[in-house]
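When the chains are written out, they are named A, B, C and D in that same order, and each has its own residue count from 1.
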């Protein structure tokens, strides 16, 4: 029987992490389970930094970005000693289970700890990148799209006013979820992301021909290319320079950066986080171990933590086709 | 073979309708299909108000609320004469098919026209209320949630500062989708919507006991009750007055109203609208008739227009349970 | 010499109050002055609810609406006994001075206390209504305008889509600052506020003629009238009904309500609050008493607390003229 | 007597330019003056690209960023031939006067034209940078502050979650208005702008000591430095790298870029733009020539165009002092 659980947020922070913490704490309280929150991700385990989490500690945090527990990356966990030390900390606090909110990298850390720990471990997918198998969406993804979209809409204003070409680089590590979604939603003229054919210095014409076509045939007053980070070998600024030279028109690069991680979570992220945080506690009570709480086709479901990083989830093929054959025709 | 289609927006406007129009026009153009846009919903058919829609007419409209085609309700269509006249207008313009963007009321209008019209008819679900069967979400719903949420977050600030009780009335006609989603996302202390047990003057204690419980046990500094319109016989303002009297604490009502229909559509609505607008054209080409283009479990799919108003879709039972047993414990 | 001061927020909360508290606390700390924050406005004085405020207590509060000290109205202060008791509380805590953040009603409360208190009292104007003499702008006014504007822009979307007339009621107690500013900024077709000629049931034609004129001559697709609260005897909803009947067109009323008090303060409010909070402490050190810290023509300056409610400040005559003779021509 | 005027937007676009165009067109119409709008700044004069502007052309543009007339920089104007050609175009269209909306660079262009043109010329200050003498604020400045602030608040979330140091570069060409205002409003721990002592590779310790001090003494969980563009010789990214190395803590740079130019204008910009656009027309009627319409101490007033680039306006000394001695203590 579960009497006492730990919870922590790990890796890049994502809007909605606080909503997940709140839901887990309220659900635990309703089931008479005590909750300990560790600070700074796994570092809190290693450094004994933690606090009791009661319902009053999570009042009115649902609307805030970041994470009240702080987050961090934790290199020490990648050694067997580190993992063993973390497991020991969990047992010293008599924790029957622990909830890890983060991405697949954090879940790998959790699996290392599991080798030394007798309690249950469950993951909750929290990352703006959406690159976690076993759930249609990760906590933070919806907010990151809207943050990116808001920025692109603003740049559209100035691009239209100036009849200029802008390249806007979005986050996503090695996946194109944010870029494809924000690009479609912004009506971007072109989208470049890792899942599409790579753009290299020697095939710039694949980018250039549609630009020339659009200006000739459709009288476009602005032209926006959204680019996932890590899409062009020398970086997006270099790509903008190469394009400027090839086209003879000024192309400007905007690197959107860390604003995509913060901000008030949108409704979709708060709701997903609430469901996953609550479901994680309920599934721990039901005995789940080494699983991730996810939502697939509107249904809450479990997925093996060990498979969350397999990268089998695909970006939406309908949107890919729409963008490549219709929108940028 | 489809050579020429009509398109119109009908009923209450919803953020994302412009994105659906744009996607339909671009997809039609890519398939060498001409598009005629009718103004003011079905009235444009009856009054011969329309315009040609080329790709340049839909540039940079994806980010705007409202609808460039205008919308309206149309009583004339509810007579057989009206429907016959509308059908005649479609045929006079040699339209092979027509796309109706609206809710189930608008789809009933489309079905009346179909009795007199030889072309194909397809629906696209556009309403903030989400009360249309055959699609998980309607265009505009996601934006309406975030608009409501933004307002509730603001009222939370002042409720917290003043330690007051607020009742916030949200839209939804006779369904609780917006209210449940926005209420969960806002961390509302109570949620009242048509799908829950009705609140009547003689069972106010069901509302009151949790308020007293929360103040005694949990030291809540504010208390927010979100209420779907049409939930209390005499209206939300009367409910606030009844509560004030019963509790001896000032309870204020806020009727959020029409701001929920407008505003820049969020990413989720723009993406859904883009997919449904494009898919509607593709399915017309494939022969679809008297169907609605929807998305169920991440898959685009068709659903009979005649069944879209059956009200078999349910609000999320997990969220209902969470709210009733956990959040307001 | 000032060693120890109190601070409180009183009356309706306003975005930026937290920024003023933060600036006062940081400025006091830099001058080796201790700060006590009272909770719930003057009630905290009477009920002995307060806390020490150190710089770490005001970290990262500048971006939040509401007030960390809570606010309230306090009827007990309006009796001589209440004021004497409050003064006693200040002296029991050995406070050399107290900062009151609020509107002119709160300043009257402060003046009552002053009759029994030997320390210094300074006011900081915090109210969304901007109806305080001695400062061009009050803390919260700029944010309230933008909140109202955001709502009106959203309603414009739906008004345009439906070609409807909307009446939008804004706050302001008995002044038209918010209404005039938001109305001008929204491009409202008409503005009704206490400073303009009153609209009564028997002169509705003054409203109606411009509407008919606009529709005939200028093909307006929507018509928005912003109305300050307390402008029409029977209320804005009744006014909308009267207009609907007179025009034969549906006119809808939206009562914007309390969302205007909350939300993240905009830059202008955070900057003004920072300056006034800091300046209040500096002026206490310099010996100020029974004054309000304000900003007039970009210059920080003091103004007698006793005159802050004289209502000599005027709404912008240029904007009034523009609206009445040009915008609604 | 003025019968016919031209209007154009020039240089970097700024939110509120559309509001200024609208106000000028409505005011002109009320005075029976025709208006011609040139496209792409001065290029529209040289290339004969223009349109008639009637009140219906400026309906519902007040809420949009960018400029419906498009903007551009125009090198051709810097030659005497270019200026003469522009003047000829104005006279060929029988324009009695022309309104130039832009910054001091655009006003220099206007002065060159004046050498060849018999009509009147008036300027309206539109630039986010606020670096124009003769007006307290330029159109677009208030919106740019809030856009920057929104981004900094988002980065604060992630900086807090990660306990990291961020350097955020804001626009402003060679002035620190945006940076100082946004930095104060965001509660930035440090502000670097051209008006402050320069930061160079050999005096990095001036930056570093306060960081170390804050972490030791005040337990700051995040540290944000806002940096005006052009403040560090090798750029903000290089500065972040230098800091990272010196501190042994990861410091990240965010270059906010062009999102600062776009977006819905905030209320303050719409109101200022409305007043200046209207006032410019009224002053042309009154005979003004080679003047800029500005607002100083809440009063509309004229200022010689030739002096608008003198850079005598200062950033707020009170805020400078506050930041340097109090906020970053």
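The working rule: a residue touches a chain if its C-beta (ideal position, glycine included) is under 8 Å from a C-beta of that chain, and two chains touch if they have at least 3 such contacts.
Model, not experiment: these values are computed from the prediction.
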item	value
Any chain in contact with chain B as well as chain C	none
Chain of greatest Cα-centre distance to chain A	C
Centre distance in Å when chain B and chain D are each reduced to the mean of their C-alpha atoms	40
Chain A-chain D separation of Cα centroids, rounded to whole Å	35
Distance from chain D to chain C - Cα centre to Cα centre, in angstrom	28
Residues of chain C engaged with two or more neighbouring chains	153, 156, 160, 221
Graph class of chain-chain contacts, one of line, ring, star, complete, other	ring
Listing of all chain pairs that touch each other, if any do	A-B, A-D, B-C, C-D
In the complex with chain D, residue positions of chain C that touch it	22-23, 26-27, 29-30, 55-56, 59-60, 62-63, 136, 142, 145-146, 149, 153, 156, 160, 181-182, 184-187, 218-222, 264, 266-268, 270-271, 274-275, 278-279, 297-298, 300, 316, 318-319, 322, 325-327, 329
Complex contact set, residues of chain C against chain B	9, 12-13, 15, 17, 40, 64-67, 70-72, 147, 151, 153-158, 160-163, 166, 221, 252, 254-255, 257-259, 261-263
